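Below are the structure tokens for one structure; questions will follow.
Lettered A, B, C and D in written order, each chain numbered from 1.
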Amino acid sequence: MTARTPAEALAAHREAVEELRARVSDLHAELPRWNLVTWTSGNVSARVPGADLMVIKPSGVSYDDLGPADIVVCDLRGNVVEGRHRPSSDTFAHAHLYRERPDIGGVVHTHSPYATAWAARGEAIPCVITAMADEFGGDIPVGPFALIGDDAIGRGVLDTLAGHRSPAVLMRGHGVFTVGPTAASAVKAAVMCEDAAHTVHIARQAGPVERLPQEHIDALHERYRTAYGQ
Amino acid sequence: MTARTPAEALAAHREAVEELRARVSDLHAELPRWNLVTWTSGNVSARVPGADLMVIKPSGVSYDDLGPADIVVCDLRGNVVEGRHRPSSDTFAHAHLYRERPDIGGVVHTHSPYATAWAARGEAIPCVITAMADEFGGDIPVGPFALIGDDAIGRGVLDTLAGHRSPAVLMRGHGVFTVGPTAASAVKAAVMCEDAAHTVHIARQAGPVERLPQEHIDALHERYRTAYGQ
Amino acid sequence: MTARTPAEALAAHREAVEELRARVSDLHAELPRWNLVTWTSGNVSARVPGADLMVIKPSGVSYDDLGPADIVVCDLRGNVVEGRHRPSSDTFAHAHLYRERPDIGGVVHTHSPYATAWAARGEAIPCVITAMADEFGGDIPVGPFALIGDDAIGRGVLDTLAGHRSPAVLMRGHGVFTVGPTAASAVKAAVMCEDAAHTVHIARQAGPVERLPQEHIDALHERYRTAYGQ
Amino acid sequence: MTARTPAEALAAHREAVEELRARVSDLHAELPRWNLVTWTSGNVSARVPGADLMVIKPSGVSYDDLGPADIVVCDLRGNVVEGRHRPSSDTFAHAHLYRERPDIGGVVHTHSPYATAWAARGEAIPCVITAMADEFGGDIPVGPFALIGDDAIGRGVLDTLAGHRSPAVLMRGHGVFTVGPTAASAVKAAVMCEDAAHTVHIARQAGPVERLPQEHIDALHERYRTAYGQ
């Protein structure tokens, strides 16, 4: 697969790419709906399964104006393979995650306000409610401060993910990155991350909160992974 | 009635079941509307009057995609009697409430953020405003921490309800359960619970608040139960 | 005019009453839109000019279901003159305001969360921003705690209004009443009151705030009353 | 150009004026959408390029009712040149900015709640997150208290802008003014300003936050200005 040029890979996966473009375009509508983004400040990407390609939001385009044809196809170095727009300025970070972790099929980046507030303080969100045990399997951790533009953000996200069950990382002084086997699961993690950041912030404003006992967190997370949903 | 099999009971109440499915499907739209849920995290159920049956949300299905045909019929042990989906992972808790309390006709579960913040601290919401006296007749109490999967949550909710007028219980470290004679009344209680949790949280952030005098709470609650509405 | 029976007054003002019913029905849509109400918890009324009559929301009816024909006509003692529903349980308070203050043409009551939080503490909202000077001409004052059901709330509102320029009163432990020459102006005051309650709450959370100098408040209020709008 | 009368300038730029009226009318819809305004409390204007003219919102008109034909054309002293309504009561402030700074093509004024809360305390928003470095290039500064009605507000905004990269100024005890080369860029700055005010407020509620290092702010701002968007 990797021996082919990106253009050949694209031709070989044309149908899957167009489907992913439509799905990723639709998933962007979830970002304003769940109050995760302001103006054009968040993005969703998806890996093209079986190819060294990804699809991602164009830079600075309004969620209202976004359609499948606007979604950009890049290789896993962040180079544009096809697209009528420039890709998100976060493309290098997304590409790094796909390149290094074959199990990741979707990535989301937001500056959602409550999660970003924890990130501004550089403080992990403690696992004090069952919904966090379910989705994150523990605390939502903080990654390092890293400048945009090369692999620094992607490396920081991966290093932080490595020590935790959480599919979400709070990048210090910046915002949230979430990953998942699909773009939809990464979007869900971003939505639940903001909800956890909000609820635990409110809880702590009025008094101390205690982390759930580890054995309860383990039991809840295991059950959620295996018994929830259809 | 209980001598019949669940399938026989379903056949005998077909019309009522289909009506309840439509009503419960519609009531789920109130959950995102009043900011009680994130992604798929809350559920509504209703008892089928005169039968040992209930109808409930399927697990992990989006509120957008939910129609009457998706609502699952269960017996009061939580076993599926009819449905094209698996029922909510909270089904055992709902079933327990219907089995033990024949006066309960509807149950709602949410992780609404302000109420869940009180639950994370394990703190009851004090009755400091007339709207709480009206709907809850006093404080909104806190129930025990309980793991999902068997009767523990249902028992914790019932034990807590027993000592209070409130149709809402904050389950510690988890979220909210509300009950009522109908599913609509349980939804209303869930909506008013989040509103009370929000308003009293804000009030207390800026200084102390005092519980209303008991005789005023009693008078307001009695009047609301008997003189409000149509 | 007062020598006529309410039914005669209604017949003589039929056209105006139907117009007001439509206007008041429409104005109720502003309450959920600006986050002033939960479920069915707020109401708008209007005086019928030149008659001892008022029109008001029915009790416990959803804003979605509300149309002009649902609006109830009452006399200024709160008795129903015409309507297919029971009037708001706050009708006596509205009626009292119209009876005692001929200059009042519209009344709004809400439990909007930020304003009600100030009311729960029994604390006036200090005039620290120009928007408050414009609309309220000073602090938004607190009235007494009063039980629903007779003239106590109406009297408390009027006594409090008497000492202030503000068209809004925070009734202690309860919620907000606003008045104006028209129902639309009372709705505007209710919307601006919640906005002031929200903004000043946030401001004070992070440090002290200072009341604007009285001469600036006076100048801003005078200008707003005479030079704003069309 | 300045030798022509305003009416002659308008005739010479008729097409551009009508296009700007439509654009400015549309941009007003962004204000309620991003929770920047309450009732009719914010306004957008645009310079007519090449003429000493501007277009601006009429005073006290609802965002729902606003169409291109409602937008008022003024000269850069704030006098109406064409319009069926009176212009915004903030017209003098907008006009002052266009008159003194030829590079400004759009101005927005709001009382958005979080930003106004910082303004009520007279406190600049510190640059603690990358999104602020991107859009504002540093802190969002505070300008003086100034009464409405003459050039005082406009002068206060300009004096404050002069010492900062930020296109947004928090006017003490009042609200927000933003500027940009176009009306759309000023609207974007107003939206991002409220988001920054919100996120940094939340962050600080739970502990101290640190300003990003100056060299990171510089790098982020430079990159954003040159590499973001299409």
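To be clear about the criterion, a residue touches a chain if its C-beta (ideal position, glycine included) is under 8 Å from a C-beta of that chain, and two chains touch if they have at least 3 such contacts.
Since we're looking at a predicted model, the values are computed, not measured.
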To the nearest 5 degrees, please report the angle of the rotation taking chain A's Cα atoms onto chain B. 90
Given over half shared residue numbers means same and under half means different, the chain C/chain D interface is different
How big is the gap, in whole Å, between where the Cα atoms of chain C centre and where those of chain D centre? 33
Just curious, how far off is chain C from chain A if you go by their C-alpha centres, in Å? 46
If I count partner chains per residue in chain C, which residues reach a count of at least 2? 205
For this assembly, give the contact graph shape among line, ring, star, complete and other. ring
The chain pairs that touch are A-B, A-D, B-C, C-D
Given the complex, residues on chain D that touch chain A span 34, 128-131, 188, 191-192, 195, 198-200, 202-203, 205-209, 212, 216, 219-220, 223, 227-230
Where on chain B does chain A make contact in their complex? 38-39, 41, 58-61, 85-86, 89, 111, 113-114, 116-121, 123, 145, 147-149, 173-175, 201, 204-205
